[in-house]
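In the two complexes that follow, subunit A is the common piece, with subunit B as its partner first and subunit C second.
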Partner chain A sequence: MDSFTDTEVGGWEARAERYSGRVRTFITETDPGALAVVALSMGSLLLAFAGFLSASPLAAVPFGVFVLSTGYGWVRHQALIARAVTFAMTTVTLVTLGLIIAFIFVESAAAFRYESVTVFGVSVPGLGMFVQTRWDAVSDPVRYSLVPMIHGTAMVTAIATLVAAPLGVAAALFISEIAPPAVREAVKPGIEVLAGIPSIVYGFIGFTIINPWAGEEFALNGGSTYLFVGIVVGLMALPTVVSVAEDALTSVPDSMKDGSLALGATEWQSMTSITLPAAFSGVSAAVLLGVGRAIGETMAATVMLAGVQKIPEPITNVFYGYETLTSLIAANYGNASGTQESALFAAGVVLFVTVLSLSVASQYIEARMRQRLGGERT
Partner chain B sequence: MSRATQNALVREDRGGYEAVAASAVGLSGVVFAVGLATLVDIVSITTPVGNGTLSVALGAALLGLGLGTSGLGLASRLGYVDASPQPSAGVVAATAFAGVWFVIGAFAAQEAGLGTPGWLAIGFVSGAAAFLLTALRREDVGSTLPAGSVAVLFGVALVTGFAGPGWERVLVGYNATLFGDTVIPVVTMVASLLTGWAAAKSYGGFGARGRNIGAYVLIYLIVLSILAVLVGLLAFVIIRGLPGLLNGVAVGGDQLLRWPFLTNGASLLAEVPGVFPALIGTVWLVIGAVLFAVPTGVGAAVFLSEFAEQGRFTGVVEVATNGLWSTPSIVFGLFGAAFLIPRFGNQKSLIAGMLTLGFMLLPLVLITSREAILAVPDEYRDASAALGVSKWETIRSVVLPAAIPGITTGIILGVGRIAGETAPILLTTGGGVLPGRSAAPNVLGGFQLSASPPFVTNPALLEATSALPYQLYALITAGLSGNIEDPQQFAWGLALTLLLVVLLFYAGGIATRYYFRKKLHQ
Partner chain C sequence: MSSDAEHQSAGVSRRKYLLTSAAAVGGVGLAGCSSSDTSNTNSGEGGNGDADSSTSSDSGSSGPSTVTAEGSSTVYPISNKGSSYWNSNSPPSDGEYWGSNDEGSVPGWDQIQTDENIADYFAGLYGFEATGERSNPPFGTRVALSHSGTGCEAVRDGLVDIGNSSGPITAELGISEQQRDDNYVDHVVGRDGQPVFVSQAVYDAGVEQLTGEQIRGIYQGDIANWSEVGGPDQEIYVVGRAEGSGTDTTFRLNMLGDAEAPMDVDTRLGQNQQVQQVLQNNDNAIGYMALAFSGPGIQAVAIDFDGTVFQPDPDAENTIFDAEYPLNRDLHMYTRINEETPDGTDMREAAFLNMFLTDFGQQVFVEDVNYITLPTSDLDAEKQKLPEQM
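Showing the complex of A and B:
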């Protein structure tokens, strides 16, 4: 254990040493004028960002300095300034993700504090959102349970996955393995167009056509159902599954498939015993991403669901459609204030954490698949 | 495997058998299509066909299909035709049949008035029986008999009128009722799917070749259904939306083209209410998002693939980018509301929406640009470096031009996606439900200089503005009513306009890809 820590520290020190050495060489080898311009440009950008964060109108001043110094640098020392500016642009992704996390967590803090529950003498903030089922922002007792919405999201996502996963994988198999080139060139853009139809258009069709139809066809009390919201959301998640799964299937080397075909296997045998197993992790990553899309789908759920924060009886009843996490936020954000608004951010936190975990998990799975197919070892 | 090849080579006298199987597949397809048409109310199941109704005719067809499919399997089992079945139809088929037969058994038990333990038990028994029959018997019997008997059962139920148009069952406790005109089409579709698959397998003589054909039939059906849904959706919105969109269009006269729906605002006074402010709002939102996200995304892609060493930093950025890509749009909306709105005048504003959509567009641009830059062959870079060109010059004049097609395609597809986004602008941009023409943002004319920081202001950017997707949402929540003539028609016209705007971007993106690919292969 000790030696392990020592090497760690030693490694870290050595790295720092090497790094500072590189920086020193870089500074001595670079034109001091260029260095000054880059420092001014990056420093003023940092200052402008800090000013913007503190909501100061003065942020415009360093931003102006940044624009001017970068413009000057672009003319005189283009290579260096381009490198610095593109680096700054790269950090925007990280900064955005960091800001999203920081802001939605800070805004949700009040609701988490309000819903604290004491367990064994320890007050656990936010636990009250998950251990009881009452969401009522108006009448006493005011409680903000997310359980009904989590249940709604789970129902919709489960139905959507049942639609999107088998159909998506079948369509991906068709595009990557079965279709003749001419058909593929027609089907692929078709699936892309399906991804392009705005969710509010789906929602509009759902609201004006599907809901009344379902209400009549099943003699429902109102037309909102998790069943049909789930089917619509599944249709919307389908293109994600198709395109990611198709990428995974295409990345299986042709030599593997050809070997199987040369042994006399039929195409379907090669698919089920060679291509699909080899691409299994990529295909499951595709399904995971599709699940993520379904969880985050907002507008169709918002306009098609009833907007009631309850759990239906019995709990598996797909003929009720009450509320999902996303529709809760979209439908209530404008009218909410104080702790209720904060509770909407808490719903956002649950959504964000879930979908981000799914995304990271699917990336991990994909990375493993690439390593395996590339013949590298972890 | 060797058996399959042998039989495929020496297969004789299967002409009649194959013809029967092929016509069973065809008939299954027809029955499936008719079932679908009745489900979406294109035809009613009470339509008279011959002496009975469509319901009875479907029943007769299912009966025939069921008997035919079972016959195909038995003919092979008894050795009348040369087929190459395997010892078992496999666990996947067995599980599927077990599911179908569980439902049938459970339903029959409920009809007989048994309680929950009773129907669970009966359902389980019949499911298990189907599973064992499929998994343990030879493939020709295992895959045809369970499918054929489902069709026979449903066919008999329909022909005898046990289940017909007037059939209904209340789902106690579920607040729902199942009616014949919903259940019969669904049941018909399931049964025809099963017989179609089984018949396709027997057409191929079971075994590897039969499975190949059976699977292909199912996959082709799935892809056709997806495309049918797509075409149906587009056609539906177009047919419903065209009257609103083309309301009052005139060519010639004092103007070259009058298109009031796109150039008018909404008001009682306007002859034809239009979506002009929302259209302009969407255009500015897209422009703002592109101005923010495209340089940032492309710059980051250049840094990641050309300057940075592949290591922990690029790995983290990649994970963060993919994480941003899959972040739900409503979370971006919450973020915009919490972060941007307090910094731009504490109210919903155009610029807050622009930046929020920009944040959403950023990962799309970054991912596609990076792919495009990585796809530029290293020979290009090496050749340029061999000529003594500096690294940055190489990037600027060799790598980027070669990557432009991919980058452009990515940008256009990304823009198409954010142009239709509603959730983020719902929380950040807002605007009126039916804005008049004067509510259209005048961004270009709105810039003002001032003596105090931030020196440049633009009130047009700081106002709540309507956009196409938001206006559609607002109309829906207002219950499709408002101070205009025929709000319903207006809303469909609006939906079509939004769809066309988005599809134009997609068509543009796809066309760009084809154009450059063709040029590349010349």
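Showing the complex of A and C:
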């Protein structure tokens, strides 16, 4: 870290000089045999990757060389090869992420081009997906607006948050502050189990029980509603909220609570005026993670929603349930081709950007929390 | 016809057997399946040796490679039942699945009358060597379930040998008829009626028959209440199918008059089973789905097209099983034309597809799973698309 900051001061040549100097020292100080093995192993891995990208059947050959040379290196020069291999594995993770991102953007390009709108003489690709509300992939005029699905996702996420946030924070507060240890030990695994129930189970219950019931009780035309999808998705996001919020509340230092109690505050007063405010950013991060889970939830939404691309009237009407970004992809991927398929990738891009921003936001908040509570300082 | 073919095959097939087994022996040492299926095709075509790899299949066995199929959930029951029968390679003494014994015989057996096992017999018509063993057909068959569009794409990309589709490939892949004829062979194995079903409550309240015009009105949003078509004063819950699916395309084409006709529906569902369930769960729904999924709690309605009333009752004068019923559609199994198979159908595929085109196949694989069998003239036309039998 330090050397990195130092080099910033020097010019470009100076930095390059220093770096090549370090490389030279490293090379001269290391056993040439070990260097050769590492170079062979990493070089063949790169070759295998190039072969993979070009879909060549020969990619197996450099991969075999990689496995063999790494195996040999593991026996002879373990420390050095381990450094190289762990570095390579980390790179693989990042490269995978990069390839996925590149892929969905490339695949969605056709739909973005199709939905270009000219504003002040400049053609803006993709704008047509957001300034009009018609999605119809078959009949004329064929348009691919994502607005109905963005609306659906927003509705489901808002309702899910209204369910998951108060329930989740209350449960976290109970587990971390109020419950006796025996109860805590029993309840925490229970919440983990809740997190482990596959989403199709929720969806199936929703489709076979909740939808018909809602259709009957509320005299709806069909039983698909954003309300109940939101509630179901909220329950699914609940375990995430509880466990992250509970961590945040537990990480508030006892000294702060003790101080409050010593001044004569009751337990409840300490909770509301000390613990919760101190853990506020952590609890927000928990809720944001829950929201991210709700946005990405696919199976339950696909099974329970109607699967048509409309916006209810009025726009806040929760007793209709049409389509979310995820259910659009899940319900149509099998039949879509051409621009329609590309438009599904565009929905994927919107989802990706949304979830990415949420995850960055919650990480930022978590980092801030750690800083404020005097954990690590950077 | 099959007995004729059998007589012929006795003389001609020895060369074929030798070629097949020689290739199979070579295949053991080399890369397995690909060489043998290439040589099968080539010997049929007179030996053009430049083709280098198999169309698709990746089976590891040394014999002819497995025939793979994928696609529409509507064609799946036919294809899958055929595949199961094939893979069982039941002996003719079985009686229930193949051949005949004291307890009965399979439909259409009088035209077959062979002492070979089921897959041995049908594969033998195209020059494959019999195994004579139950559960060990001359080559395997495998059917995967997805969607019409996926099946067409899979056969286009050479991922499978046979693409099952309930809609025409021209609509599924957005290609011209010329492109279809240049690249694919369309094997029709049966017909599917798409009856219009309503919830039991609506049927009981008097909606037993609709006109084509009324159904158009319902599906295009002009008719929103059952009272407008003689039913109860209740909103209509209109169930459509996944946008762009084979079922959706065929319905638009046949009922609304244009493959791109606009629709206004309350829900779109992907699977026949979901339509069935939604119609059962609601008391005001209308939907259309494959005949095979009719069940309790839903009722097929009679439809009046320009004065002809098509009844859901098989004994009526005009029924929804007739070829004239406008919502009937062909069930396709597409094969790909490529360098190795200029005719589009190699010997393995032909042997498997031919099974569906016999009286036995039509009865067992089409009619028994509630689809509509092809009339004789159509069967003859379909057989013409297959290569010569040995």
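Keep this in mind: the second predicted complex is superposed on the first by the 355 of 378 C-alpha atoms of A that agree within 3 Å, B and C clash if a C-alpha of one lies under 4 Å from a C-alpha of the other, contacts with A are read in each partner's own complex, and residues count from 1 in each chain.
Here is the rule we go by: a contact is a pair of C-beta atoms (placed from the backbone, for glycine too) under 8 Å apart; a residue touches a chain by one contact, two chains touch by 3 or more.
Please read all numbers here as calculations on a predicted model, not as lab measurements.
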Which of subunit B and subunit C A:Phe207 touches, first, second, both or neither: both
Touched partner set for A:Pro277, first subunit B, second subunit C, both or neither: neither
Contacts of A:Ala306 with subunit B and subunit C, given as first, second, both or neither: second
Which of subunit B and subunit C A:Gly71 touches, first, second, both or neither: neither
Touched partner set for A:Ser224, first subunit B, second subunit C, both or neither: second
First (subunit B), second (subunit C), both or neither touched by A:Val138: second
Touching partner for A:Asn335 - first (subunit B), second (subunit C), both, neither: second
Contacts of A:Ala195 with subunit B and subunit C, given as first, second, both or neither: first
Residues of subunit A touched, compared between subunit B and subunit C (which is higher): B
Touching partner for A:Thr266 - first (subunit B), second (subunit C), both, neither: first
Subunit B and subunit C contact sites that coincide on subunit A, given as residue numbers: 207-208, 221, 334
Complex interface listing, subunit A residues touching subunit C: 136-140, 207-208, 211-212, 215, 221-224, 306-308, 331-332, 334-338, 340
Partner subunit A, residues of subunit B touching it in the complex: 1-2, 4-5, 41, 171, 173-179, 181-182, 208-209, 211-212, 215-216, 218-220, 222-223, 225-227, 229-230, 233-234, 236-237, 295-297, 299-300, 302-304, 307-308, 316-335, 337-339, 342-343, 359, 362-363, 366, 390-393, 395-396, 413, 416-417, 419-423, 426-427, 430, 452-456, 469, 472-473, 476-477, 480, 491, 495, 498-499, 502-503, 505-506, 510
Touching residues (chain side subunit A, partner subunit B) in the complex: 52, 55, 57-61, 64, 78-79, 82-83, 85-87, 89-90, 92-94, 96-97, 99-100, 103-104, 106-107, 166-167, 170-171, 173-174, 178-179, 187, 189-201, 203-205, 207-209, 213, 217-221, 235, 238, 263-269, 289, 292-293, 295-299, 302-303, 313-314, 317, 319-320, 326, 329-330, 333-334, 344-345, 348, 351-352, 355-356, 358-360, 363
Complex contacts: residues of subunit C adjacent to subunit A: 146-150, 153, 172-174, 235-237, 240, 242-246, 248-249, 252, 259-263, 265-270, 277-278, 281-282, 284-285
